[in-house]
Every structure is written in C-alpha cells, then in structure tokens.
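Structure below; questions to follow.
Order as written gives the chain letters A, B and C; numbering starts at 1 within each chain.
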Amino acid sequence: MAGTLLLVQFLNGLQLGVLLFLIAAGLTLVFGVMNFINLAHGVQYMLGAYLAVAFYGVVGNFLLALVLALIAALAFGLLLEILIFRHLYDRDHLDQIIATFGVILFLNHGVKVIWGAAPLTLPPPDVFAGSLVLMDGLLYPVWRLVIIAAGLAVAAGLYGAVNFTRVGMLVRAGATNAPMVSALGVNIERLFMMVFGIGAMLAGFAGIMIAPILSVEPGMGDNILILAFVVIVIGGIGSIRGAFIAALLIGLVDTLGRSFAVDILRLAMGPSPARTVGPAIASMLIYLLMAVVLYVRPEGLFPAKGR
Amino acid sequence: MSEPVLRLEALQKRFGSLVVTDDVTLDVMPGEIHAIIGPNGAGKTTLINQISGLIAPDGGRIVFAGVDVTQAPPEARALRGLARTFQITSILPGFPVVENVALAVQARDGSSLRFIGRAADEAKLNRPARAALEQTGLADRAAVRAGDLSHGEKRALELAIALAMQPQLLLLDEPMAGMGRDETDRQVELLLRLKGQFPMVLVEHDMAAVFALADRISVLIGGRIVVVGSPDRVRADPQVAAAYLGEPTI
Amino acid sequence: MTGAAMSIVPSDRAAGSGRDVAGPLLMFMMFALVPLVAALTADRYLLDLAARVMIFAVAAVALDLLVGYGGLISFGHAAFMGLGAYAVGILSAHGIDDALVSFPVAIVVSMLFAWATGVVCLRTKGAYFIMITLAFGQMAYFVATSLAPYGGDNGLTIAARNTLAGWPLFKSDRPFYYFILVCLVGTYLLCRTLVASRFGRVVRGARENASRMATIGFKVQQFQLVAYVIAGGLAGMSGFLLANSTEFVSPAYMSWQRSGELIIMVILGGSGTLEGAIIGAAAYLLTEEWLSGIIENWQVIFGPVLVLVVLFGRGGLMGMATRLWRWWAHV
C-alpha cells in the first residue's frame, strides 16, 4: 500500500517537475539573455489555459484548440514584448518588476472581466481521458503520463536545439554575454524577440497541458511563478540544464514532502504534533532547499555566466 | 637585508583550462616602486586582484607585512594597510569628493556601527581626508560630486583614497590609463613625491612612466614572471623585446 | 544594470539637510489634522483610510532604507509585516493582549526572521537577491496558510485591540490614530538619522560600489545585514499596527503581491528620499480606494498606469515634484 502511494506521488512529483521546467525554461532564458525579470511569465501560463478553453469552446477538438491557443499565446507574448518589454531591457530590475507587476494586475483582472471569476474546465482528449493500471491496485490518470511525456519531449527538443543548432548557439552566447553577441553583428533585437516568443509559447503550452487537471481561474499563474523563480535560482540563471534538474528536484521534493512529511515526523514526534507542524514544514521544504543551495553556491548550480 | 613587505610564493590561478597565473613568485621591498609589465592578456590585472583579495588563487601563498593573507577577504587586507587603485576608476560617484576619502578614514577609525551623529560633519574624519586631498591636488574640489570630476581628477581621487588608508603597500592598476601626456606627467610627478613613504606595485603599459618611476621591474608574459631586474636590465632583455614586438620603442 | 533608473535619487540629496524639514513637517501636520477634519465632516471612513496609509507608510519607509539607500531590492518585505501581525494575533489567541508584550514581540520576531533569512540572502547579489527574498516571503506565507489552529488560509480574527498595561488605549479610534502617527514620525526620524550616520554612509557607499567599499576596509555584508534587520523590525512594527487596526490577521498580509505593492509605493513616491515612501503609500492606497469605488476590476486600469509610470516617469512623484519646484523657482 505504501509502495503504491510512493509510486503515485513520485509520478505526481515528476509531473509537477516537468510542468515547472516548461515554465522555468522560458523564464531562465529571458532572464539569462536579456537580463529581464519577467514577473508576467505566470500570466503567460494562465493565458495559455484560458485561450485553450476559449478555442475549445469554438472548435470542440483538444488538439486543434491546443495549436490555436499556442499561436495566440505566441502572438500575445510578442505583442507584449514589442509594446512594453523591449523598452525595459536597459532599465534596472526595480523598473522591470513594477512594469511586469502592472501587466499581471491587468491580465489577472482582465480575464476576470472577459471570462468571469468562476473556474473553468477543459476536458482532455478522449483517448487520454481514462486511467491506466500501472500495478495491481494502482490506477494512474493517463493525462498526467501524457504531460510527463510531453514535458520530457520538449526538454529533449530544447536541449537539442540549444546545444546543436546555430540559433541555439546564439542563445547560449547571448545568455553568457549579450553585448558581445550584438557587437559581433548579430541582430540582437530579433534574437531577443525569438527568445521571448519561445518562452511565451513554453509557458502557454504548460498552461494548456495542465488545464484538464487543475481548474482554469484568474491568478492561477501567480503561485507557480514563484516556484519557477525558485527553480531558476537553484538551477542557475540562464541555464536550461540547470532549470531541468532543479525543476525535477523541486517537483519531487515538494510533492513527496507534502505527502510524507506528516508520516515521517510522526516517527520523531507524536501523531498530534506531527499533524500540526507537518504541513507547515512540508510547505517550507523547497525554500529550505533553496536556502541551502544558495548558501553553498550563491549563483545556483549551473549559472550560464560562469564563476 | 630587510623583510619584503609583500611576498608572492608560487601563485597559481586558472580559469578552466587557461592558466592565468603560472607559478608567480615575487617580492616587494620597503620603499621601492616595483613595476609589473607585460603584453595584453599576460594576467596583470588578475594578479593584482589576487593580491588585493578580490580573486582567490588556486595555489601558492600571499604574505603581506609578515602575515599570510592568502585566505583573507579584501577588507581584512585593506585594514592591514593594503591599498589599491583600479584600472577602471572605482569611486563613489554620488558622494562628494571629501566623503569618498573620509570613508577610507572612517574604516580605520573605530567602529562604523554608529547609528547617530552626522558622519559627513565629523571633523575627526574630514581633517585627514582633506590632508590626503591636499597631497593629490584636489583640495579645492572637496565639495564636488565625485562623478562630476574629470578623468584625471578621478584618478587623483583614487590616489587620495589610498593615501587616507595609511597604506603599507599601494597597488596601482594602470594609473595612467586614459590620460593624455600632461596628465600623465602630473601623475608621475605625484607618485615620485610619494615615493619612499610606502612601497608600490605598479602595473602599467606606459613605458615612459614605468622607467621614470620603477626601481625594479618584473615582466609577466603568459602568466609567468620571465625577467626581474633593474629598468636597464629589463630594457636590454631579448625576451622582453620579443614580447613587445610591434609596441613603440622603449 | 545600465540606463536610467526612474527610481534612484542621487546620494547627495539623499543624505538630507536642514532645508528639507519643511516638506515632512507639512506632511505630518496634515496627518495630524485628519481626525479633526473627520470629526467636522463626520466621516469616520477618512480616519480609517488615513490610518491605513500611515501603517503602510511605516513599512514603506523601512523598505526605502533598503531599496533607496542600500540598493537592496527586498521582494519579501511584506513577510515582516505579516509576522508582526501574526505575533499580535497568536498572542491574542492565547489570551495575551497587552501591547507591552505584543509590541516588542512583533518587532523581535520580525528581526529574528530578517536576521535568519538575511544571512542567506545577502550572500547573493542583484537579481538572485531579489528572487531569494521573494522566495523567503513566500515561505512565510505558506507557513501561515498551514497554521490550522490560527485560521490557516482564512485568517484569524482578533477579539479586541491590544491594551496598554490593562488600559484600553487603542479601543477608541482617535488615540490609536495618534499612536500610529507617533510610530510613523518615529520611524521617519530613525531612518533619517541612520542614513546620515557612519553606519548609513557605509550602507549607502555599498550601494554605489561594493567592491570599492571592501577594498577600503568595510565588511559590507555585515552592514547590510544590520540594515536588513532594522528594516525588518520596523516592518514588524507596522504589522503590529495593522493587526490592531483591522483586528484581523491573514496570510494575505505576507503575500508576494503585498511585497510588490510595497515596492511600488516606494518607487512611485521616489526612492531614496524617505518622504517619497510616505507619499507613495498615500498615492497608491488612495488611488486604489478611488478606483475601486468606480469600477470593480480597477486593476485593469491601474496595471497599465503602472506600466506607463515606469516607462515615462522618472524619480517617481518626488522626482516630478522636484522638477516642478525647480521649474517654478526658475520662473
């Protein structure tokens, strides 16, 4: 019984990790290449979900809705980049924080105006709707497995693109030293736009994929954004590899921690104090992890700019 | 035979597979001006950064005034009397000139964990600060915002800050960089006036200045010390000439 | 970081001098007159609003110490407010409601949290620092939501405001209002003194050029930690005031959105001036009040306003006021 619970939570942790990676990858690239703190990345994720719900309502097909939503999310992300964000790359982080905060306020309440405050749902494609029997007595939702598979596929694709293509090389170079890349004659404006667009699409994709599991509501991107920040801080700003490892680590630690903290603590203290203190400690776990990592390595595990 | 004020023993530093400081052994005797020259990329600034404590060496020792400071942070070395100027001017541009120097005085005047009283009005700090400004010719610029000074004046300010630290040793990282002929001459004059008060390590490209000031010269090529000796000896050395091929004649 | 920051005002102005007394004096006098105006217009709500402005102003001034003078962009400042508030709430839930206990406890708890997190945060620089303070703020928030015995997500109602050695001083709104004003003036004067002191000069110098300060002989991290702890304690005090004012504590007091709002207050008013933080708090809260009275989802308007202010405003309201003043003096 404990074994199946462990496996289930392990898979859940993996799924959260993969989701976090999709969001963190864009965030760390934008941060690493353009030195831009994009708080609005979370609403990009939320927007993906809302757009998917909206298109699904029109076309009735998940895959088609996904494609349309991705395109719309990309378009919207690029619009934000052109109108607002590109004017902030040269400004200090404070200004970036306030401006992107303003964008969050606008979009979190904008979706409320358009779609209402009530949570919306998006059904997964029929073929993936059920549960799979993994072991005796263990049913696991197929869609969660699809998310894990899709996330790993994207990770592999990103890894390949960043490390083996010319464009990827430019992105890596930009994360290490953007002014130098510009000085070498590369159209830095277009590079930035591309990096931003990829990030927006990844975040939107994450939102679309998670929509069948979580409810789609205003502000859904806020908490996961902070987790994504923890991921890139631990992984090292500008590093895709760092984001991947840190995302999986955090997904697993957080999920397993929350499931088993009370039980583990029960061994050390009585059941009653464990039940009181357990949830609090479980919610602190990833931040303690971050504190430990940063104490030892203040620039994260794999910083792009080196040491 | 007196003790060296600074002694570097077999100092090593690598960045990845690039060896930037290769088994550097060097000493600086009391009162001397010891210049370090070498072509671009030889590792001079990295060496200075290791001496002042901003970069940690991978191997070797740094002994300053008889104390092993290899693991000591920059502030500890500064408090022992290790002063430096920076290749790219490093001052506090938003503060008035006199406060830039007064802060250096403040660092060695008891505790700075004082939460009342206006630091800018403390005569105890301002008097030595103004004295240092006098020495570097900035006395009448004391109230000016440091960021508004000319390039040469900023360099002089860096020197004033170093003087206010009552240095046991002064590290000068390309003090003539970006200066025209007149300004360079004035800077050389100033350093000659200070010569003997405390030893100096001078990293510099301007050969005229180096030969006017240095008692001894160490030549750093590819991270290694290739030659050490008097200016005449270094001038005559074939390795040095080869390394500087293409540079204006010494 | 390159380019112009709309936020930072030059150091020499920041250190302050005698001629700057008029502005703050006027401001505090206006605050002092509010209860009389409220009595005259029989507008109780005005008193509540002004009290709220002052409470957040205390936290904002403390944050300006870090952001404007120290160059330390703390994105978890609301956590200290929340901790101070929860100190009041938790003590009250256990029957301890004397301000002589709650007030120092609120401040000490916040300072301890600031010290513990500051030791880790201050090892990082720049953007890493921003994000790690954000994460620690979130940590405090999530711990608060998981405190089931103290209301968890829903928060905790406080039976009554704190008493002062048994005397229900704060029960009546007017005396409590003036207590808040005293706290605000005290915070302002403390920060003014700190900024001009030896300690403050080191912190300000570290903002301009930390490596220069180290090579002069200052252990920069030490000084920044002290500043961080002081700011945390002051924010804890504002949390004490908030809990007493609303007679309610909730994890929302510590949310990162709240931390963001505090930063906005500081920048909107003009960082590195201290008065700016007070003005910014007033501007933000009053705008929020006014807009939310007009339309329900007022953030749809406020959000773009923030973006525009960042893109086109420099030095915040204090900057604009200074430019206006100079232009008028010229004319």
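Definition applied: a contact is a pair of C-beta atoms (placed from the backbone, for glycine too) under 8 Å apart; a residue touches a chain by one contact, two chains touch by 3 or more.
Owing to the predicted nature of the structure, the values given are computational and were not obtained by experimental measurement.
Peer 1: Can you tell me which chain is nearest the middle of the complex, judged by mean CA position?
Peer 2: Central by C-alpha mean position: chain C.
Peer 1: Would you indicate which pair of chains has the most C-beta pairs in contact?
Peer 2: A-C
Peer 1: From the mean C-alpha coordinate of chain B to that of chain C, what's the distance rounded to whole Å?
Peer 2: 42
Peer 1: I'd like to verify one number: the distance from the centre of chain A to the centre of chain B, where each centre is the average of its C-alpha atoms, in whole angstrom.
Peer 2: Going by mean C-alpha positions, chain A sits 48 Å from chain B.
Peer 1: With chain centres taken as the means of their Cα atoms, state the distance from chain A to chain C in Å.
Peer 2: 31
Peer 1: Could you say which residues in chain C touch two or more other chains, in rising order?
Peer 2: Residues: none.
Peer 1: Give the list of chain C residues in touch with chain A in this complex.
Peer 2: 1-8, 67, 73, 75, 117, 120, 123-128, 130-132, 134-136, 138-139, 142-143, 145-149, 256-257, 260, 263-264, 267, 271, 297-300, 302-307, 309-311
Peer 1: In their shared complex, at which residues does chain C touch chain B?
Peer 2: Its residues touching chain B are 10-12, 15, 193-194, 196-202, 204-205, 208-209, 211-220, 223, 226.
Peer 1: Could you please specify the touching residues of chain B with respect to chain C in the complex?
Peer 2: Going by the criterion above, the answer is residues 52-54, 73-75, 78-79, 83-84, 86, 90-96, 99, 103-104, 106-108, 111-120, 122, 145, 161, 165.
Peer 1: Taking the touch rule as given, give the residues of chain A at its contact with chain C in the complex, in rising order.
Peer 2: So the residues of chain A in touch with chain C come to 31, 35, 37, 39, 84, 87-88, 90-95, 97-99, 101-110, 112-113, 222, 226, 229-230, 232-233, 237, 276, 279-280, 282-284, 287-288, 290-291, 294-295, 298-300.
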